[in-house]
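The structure's right below; bear with me while I get my questions together.
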Amino acid sequence: MLSFVNDYSEGADERILQRLLETNREQLPGYGEDRYCLSAREKIRSACGCPDADIYFLTGGTQTNKIVISSLLAPWQGVVAAESGHIGTHEAGAIENAGHKVLTLPHREGKLMPDTLAQYLRSFYADENHSHMVFPGMVYISWPTEYGTLYSRRELADLYDICREYQIPLYIDGARLCYGLSCSACDLTLPELAALCDVFYIGGTKAGALCGEALVFPKKNTPPQFSTILKMYGALLAKGRLLGIQFDTLFTDNLYLQISKNAIETADVLKEGFRRKGYRFYLDSPTNQIFVILENSRMEALSRQAAFCFWEKLDASHTVVRFATSWATSMQDVEALVQLL
Amino acid sequence: MLSFVNDYSEGADERILQRLLETNREQLPGYGEDRYCLSAREKIRSACGCPDADIYFLTGGTQTNKIVISSLLAPWQGVVAAESGHIGTHEAGAIENAGHKVLTLPHREGKLMPDTLAQYLRSFYADENHSHMVFPGMVYISWPTEYGTLYSRRELADLYDICREYQIPLYIDGARLCYGLSCSACDLTLPELAALCDVFYIGGTKAGALCGEALVFPKKNTPPQFSTILKMYGALLAKGRLLGIQFDTLFTDNLYLQISKNAIETADVLKEGFRRKGYRFYLDSPTNQIFVILENSRMEALSRQAAFCFWEKLDASHTVVRFATSWATSMQDVEALVQLL
Amino acid sequence: MLSFVNDYSEGADERILQRLLETNREQLPGYGEDRYCLSAREKIRSACGCPDADIYFLTGGTQTNKIVISSLLAPWQGVVAAESGHIGTHEAGAIENAGHKVLTLPHREGKLMPDTLAQYLRSFYADENHSHMVFPGMVYISWPTEYGTLYSRRELADLYDICREYQIPLYIDGARLCYGLSCSACDLTLPELAALCDVFYIGGTKAGALCGEALVFPKKNTPPQFSTILKMYGALLAKGRLLGIQFDTLFTDNLYLQISKNAIETADVLKEGFRRKGYRFYLDSPTNQIFVILENSRMEALSRQAAFCFWEKLDASHTVVRFATSWATSMQDVEALVQLL
Amino acid sequence: MLSFVNDYSEGADERILQRLLETNREQLPGYGEDRYCLSAREKIRSACGCPDADIYFLTGGTQTNKIVISSLLAPWQGVVAAESGHIGTHEAGAIENAGHKVLTLPHREGKLMPDTLAQYLRSFYADENHSHMVFPGMVYISWPTEYGTLYSRRELADLYDICREYQIPLYIDGARLCYGLSCSACDLTLPELAALCDVFYIGGTKAGALCGEALVFPKKNTPPQFSTILKMYGALLAKGRLLGIQFDTLFTDNLYLQISKNAIETADVLKEGFRRKGYRFYLDSPTNQIFVILENSRMEALSRQAAFCFWEKLDASHTVVRFATSWATSMQDVEALVQLL
């Protein structure tokens, strides 16, 4: 059956597996201090235009979010996020388990708008009872968002200005960063993004790696003893090479961006197919996630021939579903799906 | 200056202080095992119609909420509450600090309506992604609510039915329980309330004690080693007598309900005063908290002669403020305030 | 029956209760901002010779330890303490519940000796695997210790030098501080003690208050938003006056030290009694706790006429027990006990 | 340079990498529900003789220990371990970070002896102050231990009897389980070990996998919603296939035990070499870790030609060092090292 369920259904780009094989019998130090980790860090620093960045490799997005957020917040602070933000919806309470509230604000197509943030922060400090409330201690956004949308350069700069005004860090969840950077609607480069936040991660799991996220502190602002913190959270792989080799490969000859283009090209063809056949979109996403409104019996029928992801009920007779492409999606599968529509 | 800022501005009913003096030189065991704690427990069991209840004395509401909620939830569960619930707004993240999310739902005049709860729980389990979400593990309500309103017997019974259907405990924050029980709109007795929940506390701090809340597990459902848990949270007073003597006094000859009547009587006169003078109420509260809408310049003027509590901005020119009466409010002060209106 | 079980068996010095009565109907702001809290802070600053100290009132020792330690440590740090330290033995895991390890070191009569500390810190940083270990982030000592012994001025200064060398704060648990300051073996003043640490608390619960500990940050080193932290831990009393009035009274005309002298005088008479009757001491404590070795059948017999505290088994036929005096112990009771020996 | 630093210096058994390549483009469900995870679980159940076991795949030992221990303990409980236990020494406070104390007991060559455990538990409950102490809520042992030693069948059965008497679970950290099972001193089978505990994990990271530990609940005693707990701790890999395929390969045709035999054979030759050359052993380990006492200048000289692991200082002129072999150690390297001795 055709599957467009998500962007982590396949293994890894074969060049990664090949490198794992080639380097397999080398004896290397553990815990992220091997030569492949060092090399990957150097290449990422260069790609981000941040020669001084500190970089850590973790195994997944929830793990990364939990550790970054709990390390940057004081005990009495929470993290501000859009109501649709992954940390508040589908991470099983990971942030609260580490002791912090997710302070949610309304979103527009998955985005926390600068006005919304500014208004919230102003109100918070204007409230004379705020010393008994959870203080906003950092801002979390996803780029692309959970709806596949992108903050423009302007929006990101505005958010960052507000964060600096209130002296709280801005953190970007880049689980699907590569798909944002590869799409035609993007008006940002990776160095520009790195300059407009305090910490971000470059997702590997959804971008052709077996697992792994590269966490970047671009501005010499890493929490002290961060690698001890990773150990404390059970996030430090003994064989750090597994992550180093993957990211070293992804950041060699720009493989990272190159393979993500496939997701965008296949998504564009699929979107065009939906449009041509008269389907309604729930919103307009420029990246690899497509949100379509299906009449329920149509959904039922389609689900017998292709796999996709239930998103939410729209009304009694319609449902929002998501089709995702990835680095591994074949144009052939897309064309077969368009045929079915 | 006249003060209606809150219901904890004075010390304690003098009979309590008297008893502290009378018993002062008795040598008593510590940690809540003295004869006054035992006697207070017996009297509370009797007042609640729960001969088997386990009862613990704590020093404050946030402390009680934090400990009860974290003791009853599994790590992967959160507590459901109205958006206006005290645990989610003015407890500085105490619940999240103990590892749990507050799952907020819309309210009606401070109340979590049974339909809202039922709909949420149904949707949660219907969502096929719910295993990555925070599970609803208990329900928290305040009686009276933060807006001074009361759940009727019917509403409480409906909430409890839903909780039992989903096998999650219902917890009632009774910081102002006495004021609810004493008002004419109340259609519940204390034993009925105790029967319609799994755990609740009887507030002392806002009801004529120096400090103290009596936590009641009416149904032999106390978490194991609960007194060790209290110690672990720093909530076990060495001189437990301080709490025991206070509650023993409050539950002797119904002093608890008797003194709270004063709050209701003075509130009723004050409400009538506002009404007569043409003030608008933000909502209709039957207990000791009165929410009035003031035009801003009127608020400014009034605040020079009487103290009250800012609640929230209504619009550019109006503000919601709260006047609270208590066991200690004098009718004379109320009349003086009505004069000023 | 005569009781020497502990130093918190009675209520409070009557002057405290009197002040509670006198001030009872004053309408005061909540949460520690009333005039009595302000006055008590000023008097304590003066008694400590720390005009800039920040002072907070909490309700008990475990609560204070938990909050101070968790507020001063980074997540990857633990607190160093003697094996006999209260935080590691009888606080039900309060420190670990807040996320931190108690790093225990051997003690001498309850004291963490400077050499032991220095040797441990040197070894820790010499160990090439220490990045996977819990870092020592502060040092906790009790003064007097759990065995009633005292650090001399020299010992305290040496400990503090070591702490400063490693840039970790020194915290003094002063649950029984008054009894240390009042005894003849003490070679320290309160201002000297305040100068030789980074944070300490002055115990009220064991020194004639109903409850309460005064936490002192003598050097402008209070963690940010500390009162929000107190709220988050459920440690902020709505009626902060209860603590303010008590400490204001205790620090008026040196009442604090005056009443603690009684504990020392009665303890000295009792010790002399034991000595005269040929009893063996487990160790020599200069303060209000007396540790005596009793032959088991003697212990059995004595326990029928006087209450004391089991401490630990010494061998098959002997037991260490503790007799405690306090501000409230009558010389008459001591003489009656000596008669019984 | 020859390296015997640890048992996780190389990548993975090549058959594992081969399987990753072969299955790479299969579209599989995420989060551990793919066919390889299911198959691996089935094979492990069979190898353990536990047809009903629940099995989860995690990425590392510290992560597994943290999650298992915090999921099985009540908030007021701690985990009992030998002083040398990995959770108390080299996991950066992971257990305390999750809220629990590690209750350490003396060990014999890395083993927690049944008598020591029984004596501790008896004393704990005999202590009349134990309600203010951390309750022992489970027992943690490593098999093999951190010193490479093994509990005999008898010792394990005795420990388990004690645990059952006190109704607390016994948890076995099997980071190096394969090396224990493969050595000649072992008098246990895997099904026997599974029968003598409540939960254990089979280490993959140190046994020829890139990463991964298989956590086994042999007795239908999995904590509720365990996979939500994994998500909450950031331990649930989106591409669970990475772990499933590795364990499926390791448990096909007993590859797991087969490759671990190499570690034992090379270790035996190495030990014989040390013995022949007159080296002193720190203790006698039957598995793949060899603890040797080196005179310091000898250590210095040797470290220029071979890498090994510093363990601890023995005295001013001697040091304990560790040589580890693994599934990947070549006999040629061992012989070269023996030449150097």
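Labels for the chains are A, B, C and D, by order of writing; each one numbers its residues from 1.
Here, a contact is a pair of C-beta atoms (placed from the backbone, for glycine too) under 8 Å apart; a residue touches a chain by one contact, two chains touch by 3 or more.
Which chain is which protein? Per UniProt: A, B, C, D = Low specificity L-threonine aldolase.
If you're wondering where the values come from, they're calculated on a predicted model, not measured in any experiment.
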So which chain is farthest from chain C, going by the mean of the CA atoms in each chain? A
Higher-contact pair (C-beta pairs counted), A-D versus A-B: A-D
When the centre of a chain is set as the mean of its C-alpha atoms, what distance in Å lies between chain A and chain D? 34
Cα centroid separation between chain B and chain D, in whole Å? 50
Distance between the CA centroids of chain A and chain B (whole Å) is 42
Chain B touches at least 2 other chains through residues 75-76, 91-93, 97, 99, 131-132, 228-229, 231-232
Touch-based graph of the chains, sorted into line, ring, star, complete or other: complete
Contact set on chain B toward chain A in their complex: 75-76, 78, 89-93, 96-102, 128-129, 131-134, 310
Contacts from chain C onto chain A in the complex sit at residues 70-71, 74-76, 99, 131-132, 135, 224-225, 227-229, 231-232
Could you pull out which chain C residues touch chain B in their complex? 3, 5-6, 8-12, 14, 17, 20-21, 23-30, 59-67, 91-94, 97, 205-206, 210-211, 228-229, 231-239, 241-242, 328
